[in-house]
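Please go over the structures that come below.
The same chain A turns up in both complexes below, where it pairs with chain B and then with chain C.
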Partner chain A sequence: MTTTELSGIGVRGQGRPARVVVASFASCFGCQLQITNIEQHLMDVLGQIDLVYWQLTDSTPMPEEFDIAVIEGAVTTEQAESQLKELRSKAKAIIAIGSCAVTGGVPGMVSRDFYERPSQVYPKVPHACGKMITPRPVSAIVNVDFETRCCPIDPYDFVVMLQRAIYGSNKLATTRTLCSDCKRNETSCFFEDGTLCLGLVTSAGCGARCVNLGRPCLGCAGLSPSANLDSARQCCERYGVDARAFDERLQLFNQTNPAVEDSDR
Partner chain B sequence: MARTSLTVEHIARIEGHGNVSLSIEDGAVKSVEMNIVEPARLFESMARGRVFDDVPAIASRICGICSSSHVVTDILAIESALGVTVTDRTHALRELLVYGSYLQNHATHLFVFAAPDYVGEPSIFPLSQTDPDLFQGALGIKALGNELCCAVGGRSVHPITAVVGGFTAEPKARRFSELADKLEQSLAFACKTVDLFRTFPVPSLATDGEMLAQFQPGAYPVCTSPVMELVRDGVRFDASCYQDYLEEYSQPHSAALFARVRATGLPFMTGALARINASWDNLTQTARVAAAKAGLRPPEHNPFMNNVAQAVELVDALERCAALCRCLASADGFEGSSAPVPYKVHAGHGVGYTEAPRGALIHDLTLDDQGRVTSASITTPTGMNLANLEADIELLARQLLAAGADEDDLRLQVEKLIRAYDPCLSCSVH
Partner chain C sequence: MLYRVIDAAELPLLVSAFMQQYEVVAPVKRGRSYVFDAIEHPEDMVLDYPTTSASLKKYFLPPKETLMRFNAQTNRVAEHTLEVPPRVIFGAHACDINAINRLDQVFRDGTYNDPYYCARRDATLIVGISCTPADSCFCHLWDADEARFGYDLFLQDIGDRFLVSISSVEAANILESACNPREATDQDRIDFRHATRRRQASFNPGIPDIQDVAMLMDAFHKDDFWEELGSRCLSCSACAAVCPTCFCFDLQDRLSPDGKQGERYRVWDACTSPQFAQVAGGHNFRPEGRERVRHRMYHKLNGFLANHDRMLCVGCGRCVKACKADINPVKVLEFFKQKGADDASAA
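Here is the complex of A and B:
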C-alpha cells in the first residue's frame, strides 16, 4: 500500500493573509458544516485568513487568484474533474477534507460496475446529471498537499491542517492503526465477542470515537499505509468473523483504494 | 418580441449545487426551471445488496445537516420490516436527536443562509462586527443543536450511537439536566429570532400547491407518527402506502426527482410551514404565542413565511427538548432502557417516515431473508418541494413583472424565495 505524497509546503510569506477558497464536489456537505461547527472560535479562525470564496455561506463569486483550496467531496463527473484541475492550477496548496475527498468515501461505494448503476436509480438518467464518471478521491486526479481525514472531519483537526497549510509542516501522517488507540484507551475489543471492527487496518487519529460509544470502526479514516489485509482476514477467521464480511465492510469507505479494488477481483 | 432569460448560476447560501433559469417573453414568464446539477451519488444503488445494519450509517451520508433524520428514518424502515418494537426511552432519545438537527438546521438556515438577504450583506460574517449579540446568539443556538446531537448521537454530524433496536451508549443523567438548563436559557433568544424575522418585509404570495406534514392527534409530531396529512385537502394516510398518494417523476433539467400528489397532479410543499399549518394548535404555548405575535396562523400559504415558521419551531423545539431532557434525567422518567432490544432477522418490507427539519422524509426498504437490502427508495423533502418551488417562482415572477420590477430585483426576490424553501440539493439528488 502506498502513502499519498503530501508536500507539506505552506503558503505564508506574501505579506498578506492567505487567500482561501472552499469548494465542494460529491458529498453530503457535512465537512463544510463541521467547519462552521467551530462556532465560538469561527471568527478567530477566519481572522487568520482571507476567505475569498465559500458558496455555502457567501454569494460572492470565486476569484481568479487564491492561495489555498479546501476541497470536500469525491469526483464523480467530467465537469468536476476539470474544475478540480483548474483549482489545482491556481492553488498553491490543496487541503482535501473528509472521506469523500480523501478516500472516495461513501460515493466511492458505487465505483464497481459504476456504469450499470445510474439506471438502477433513474427511469431515464436526466441530462442534469452531467457526464458521470467512476467516483474517485481528489488525490486520484491531482496532487494533494494536506488531508483532514474521517467522515465527518473533526473541526479542530481541520484547524490544525489549515495552520499547516499556511505555515508549512513536514510532519508525517501517522501509519498507526486504530487498534493501537484502543489499546492505549484500554477499551475492550469487539473481536472478543465475535464482532467485526475495522480498527485492525484503519488509520488512527480519530481517538476511537465510535468504539468508545459502543460502535465498531467502519474505516472512515481510510486504510493505514501499513495495513495488512491478509493478516486482518486471518485474524477475523480466528475470532469467528467471516472474512467476507470484513471485505464487504471495507467497501463502505475504502472501495476505491487499490488494495480493496484488487481483492474484489 | 422581447425575449429575456434570467439565470442564476450556482445559487449561493444553500446546501448543494443548483441553478435557476426563467425565460420571459414580452414581459410574460414562459418557463421556470430549477436546474439541479448536484452530483448523483446513487444511494439507492449503494444500499442494494448491503446487510441492513450497515444501511443507516450509509444513509446518514446523504446529508450532513440532517444526518440524524436520515439515520432515524432508515432505522424506522428497518424496524418496520423486521417487526422490532423499541422502548419509550429509545423513542425519546430519537426525538431529541431529530430535534437537535432542527436546532442546527433552522439556526444555520435562518442566520447563515437567509438573513444576509434581508440585511443586505453577502454573508453572515459582517454581522459579527455590526451586531455581535445577534451573531453570537445565532451561533449559540446552532452550537446547542450540535451539543444535543453530540450528547445523544456521539457526534454533531453522522450520529454514532443510534442503531436498530436502540442506542449503543447514552449520556449520564446529569448531562441531560445540564442540557435542559441550556435549552431553557436559549428560549429568550429564539423568541427574539421570531420577532426579527417577522420584521423582514416579504412579497405577498400564496402558493397554489398542497402541503404535506406528519399528523398525530394532540401532538406536534416529528418522528412519532406514521400518518401523513395533505393539509389543504385534509386527506390522511399511513406512510406505508405513500406511493398511492404521492408520486415521483423525473425532469431532464434536474438530477433530483420531482414529486406531486398522485390523484390531482398538484405539486406540494413540505417543511416548517406545512407543519405549522397542520399542527399549529399543538405548538408549545410559548411557540404559539410567538407565532401569533408574528402573524403566523393557519391557513398561511405564503412560502416566504417558511422562515418565520422555522423561527417558531426553534422556540417549540427548545421547550420540547428541555422537557424531554428533564424527563430523561429523572430516574422514573421513561420506561425501559435504551440498550438495543433483541430481534430476529427475516425478509420484510418497511417504510420509515419522519419530519426532517426541511420536511417529510421517507425511506422505503425491502430486505431478503438474510437481512440484505433488495430494493431501496429514498424520498427527500427538497425533492418533494422542487415542483412547488418552480410553480411559486413563476407566480412570484409574474407578480413582480406586473409591478414593473427590474431584472436585479427579480433576481434577488427569486433567490430569496428559493432560500426561504431551505432547499438541500445534496439530499434531493442523493
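Here is the complex of A and C:
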C-alpha cells in the first residue's frame, strides 16, 4: 500500500463534513452493497460525512469537488484508468475497497493472456466493452491512502478506514500473514490433514474468517508484501500438499500480483 | 506444602464444587486438537489431554483487551469497568503453570505492575494436573517439567488416586468440602515416585539436551544458521500466538461507528511481525525474517534469562506444531548439537 502524507492528519477541519464519493469499476457491486449491511449503524456513519455521490444509488453525474473517493473494482479499460486518475487528482484521500480494487480480485483472474480472451468470448467485441486493458488493482495506477480488504469487505472494517481518512490516524498497516489470527481462534490447521490453505501467505486482518467457518483461506485479503512464497511451497510439500495446487490457488485473487508466477506483468 | 490423597472417582465432585462459585475452564477436545474452554459439566473435560494447541495466556492477557474508553468529542476519558469473572483453570500442565509464573515476572512482580493482568490473575485459581510428555515436549530441558509454585492445587495421577499438593486456603477449603482428602500413605508415596520416574523416562530422547544454551546463543550470534532458519519465516507470528510466554502487545485506538466514542485496546503483537521493530520516521531495525526469528529465539533462550533468571521458553512444544515453516527452539538445540559434533571431529 502506498501511504500519502494525508493518512496521519485526515481531511476534516474544513468547517464542514468530509465530502465523499463512492465509485465503482469492474466488480459485482457487492462491496458497495456490503456497506449498507452495517444496518443499524448506517445513519451514524452517514452522519459523519456528506455523501455527495454513490454510484449504486445515483445516476446523476459525479460532482466536481469532493474530499474522499471510495473506490470499488478493478481497472479493466482505458476509460476506467483515466477516470481513476481524475478521481485521484480531485480526492484528498482514496480508499480502495474489496479484493477487486485491492488485488485485482476476481476480474484479475483472467489477466493471464488477457488480450486473447475477448475474442474467445465474442465473435465481434462489442463497443460497450470499452478499450480493454489487462485487469489491475487501483494501486497499480494511483496512490491509495487506505485499503479495506477481502471479498466482500467487512462493513465495520470499512468504517474504520473511512474514519481514519476523516479524522486521521498513524496506525501502521501490518503485513503479517494470517496464521496468527487463525491460532487465536484455536481451530485446527488445515495442513495437519493435508488440506491446502492460503493463510500462509495472505495478509492478516480478517481474523481467519473462513477457517473459522471450516473452509481453507482462498487469499481474498491479498498476498502479503511479506509473503514468503518459496517457504510456503516447501511447507506445502512438508505437509503432503502439492505445491502446484498452491500456485494455482493463488491465481484466484492474486493473479495480477507481480510476485505470483504467470502474472502478466 | 500440604499433601493429601483423593480417589479419582471424587474428581467430578471437586469440579462441581468449583463450579458453584467460579467459571471453570478446562481442556476439551476441539477438531483435531485440544483447547482450554469454559465447561458446563465435569464430564466435558478431558484430563489426559496432550498439550492444547493454544495456551492459557488468553485468560490473563486476552488477544484483544479494552484498556480505556474515551469521548472522542471532548477528548476525555470515559467510564470503563474491567469485567473479571472469578475463574478456576482446571487441569493445567506443569509447563503451563511455569509459563504463567514467567508472565507474573513480567506483569506482576516487576517495578510497574499491570493492573489488568493482576486483576485477572488475582481472580483466578489454578488446579494443575500431571501429564505424559508428547513427542514435541521438552519442558524438562528448561527445568519447567515440575511446577513448584503458581498453582492452588496440583493433582498428581497415581493410578486410581490423585496425590494433591495444596497451596492455597481457598482451594483447600473447597477440596475439603467436596471430597474426603486423606493423609498420604507409604504406598501413595511409592506410587508417586513410580509415576514421576515413568514420566521422566518418556521424554523424547531425540531432542538434544544442550548445556549452556544461553552462552552458545551469544557465541553463535553471527552464524549463517540464523539466515537459514529465518529465511524460511512466513511472517505469520503463529509461534508467538500459541506461545504461553510471549507477552508482547500493541496499543491501538478505535472509534465507535458514529465517531463519538473511542476505545483504546491492546492486541497481541510479536517480534516476528514485520512491523514490530518499525519506529517513528519509518526505520525498521529488524526488517528481515532472519533478524526477527533470531530475535525471538534470543529473547526466549538468552535475553530473558539475563534479566529474570529463567528461560522465556517452557518447552511446551506448541510452536513446534504451530510453525508451518519448521522454526522452533528444538531447531536451535539441534544446531548446537551439530556444532558440538563438528567441533569434536575437528579437534
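We take it that the second predicted complex is superposed on the first by the 248 of 265 C-alpha atoms of A that agree within 3 Å, B and C clash if a C-alpha of one lies under 4 Å from a C-alpha of the other, contacts with A are read in each partner's own complex, and residues count from 1 in each chain.
Keep in mind that, in the parts below, contacts are C-beta pairs under 8 Å (C-beta built on N, C-alpha and C of every residue); 3 or more make two chains touch, one makes a residue touch a chain.
Because the structure is a prediction, the values reported are computed rather than measured.
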**Prompt:** For the overlay on chain A, clash or fit between chain B and chain C?
**Reply:** fit
**Contacts of A:210 with chain B and chain C, given as first, second, both or neither** = first
**Request:** Please work out whether A:141 is in contact with chain B alone, chain C alone, both, or neither, and reply first, second, both or neither.
**Result:** neither
**Message:** Looking at A:178 after the superposition, I want to know if it touches chain B, chain C, both of them or none. Which is it: first, second, both, neither?
**Reply:** second
**Prompt:** If you stack the two complexes on chain A, which partner ends up touching A:133: first (chain B), second (chain C), both, or neither?
**Reply:** neither
**Message:** Between chain B and chain C, whom does A:120 touch in the aligned arrangement: first, second, both, or neither?
**Reply:** first
**Item:** Dominant toucher of chain A (residue count), chain B or chain C
**Value:** B
**Message:** Touch test for A:46: chain B only (first), chain C only (second), both, or neither?
**Reply:** first
**Request:** Would you sort A:76 into first (chain B), second (chain C), both or neither based on which partner it touches?
**Result:** first
**Prompt:** In whole Å, what is the nearest CA distance you get between chain B and chain C after the fit?
**Reply:** 13
**Item:** On chain A, the residue positions that both chain B and chain C contact, one per complex
**Value:** none
**Asked** Can you list the residues on chain A that touch chain C in the complex?
**Response** 38, 41, 44-45, 47-48, 156, 159-160, 163, 166-167, 169, 171-172, 174-180, 182-184, 186-189, 191-193, 199-201, 204, 224, 226-228, 231-232, 234-235, 238-239
**Request:** Enumerate the contact residues on chain A facing chain B in the complex.
**Result:** 24-34, 36-37, 39-40, 42-43, 46, 51, 54-60, 73, 76-77, 80, 105-107, 109-110, 117-118, 120-124, 126-130, 132, 135, 151-152, 209-210, 213-215, 218, 245, 248-249, 252
**Prompt:** Tell me, which parts of chain B touch chain A in their complex?
**Reply:** 10, 12-13, 15-17, 35-37, 39-42, 44-46, 48, 50-51, 54, 57-58, 61-65, 67, 108, 112-113, 116, 122-125, 128, 136, 139, 142-143, 146, 154-158, 160-161, 163, 168-169, 250-255, 257, 424, 426
**Item:** For the chain C and chain A complex, residues of the former touching the latter
**Value:** 30-33, 35, 52-54, 58, 63, 72, 231-238, 240-242, 252-259, 268, 270, 273-275, 278, 289, 322, 324-326
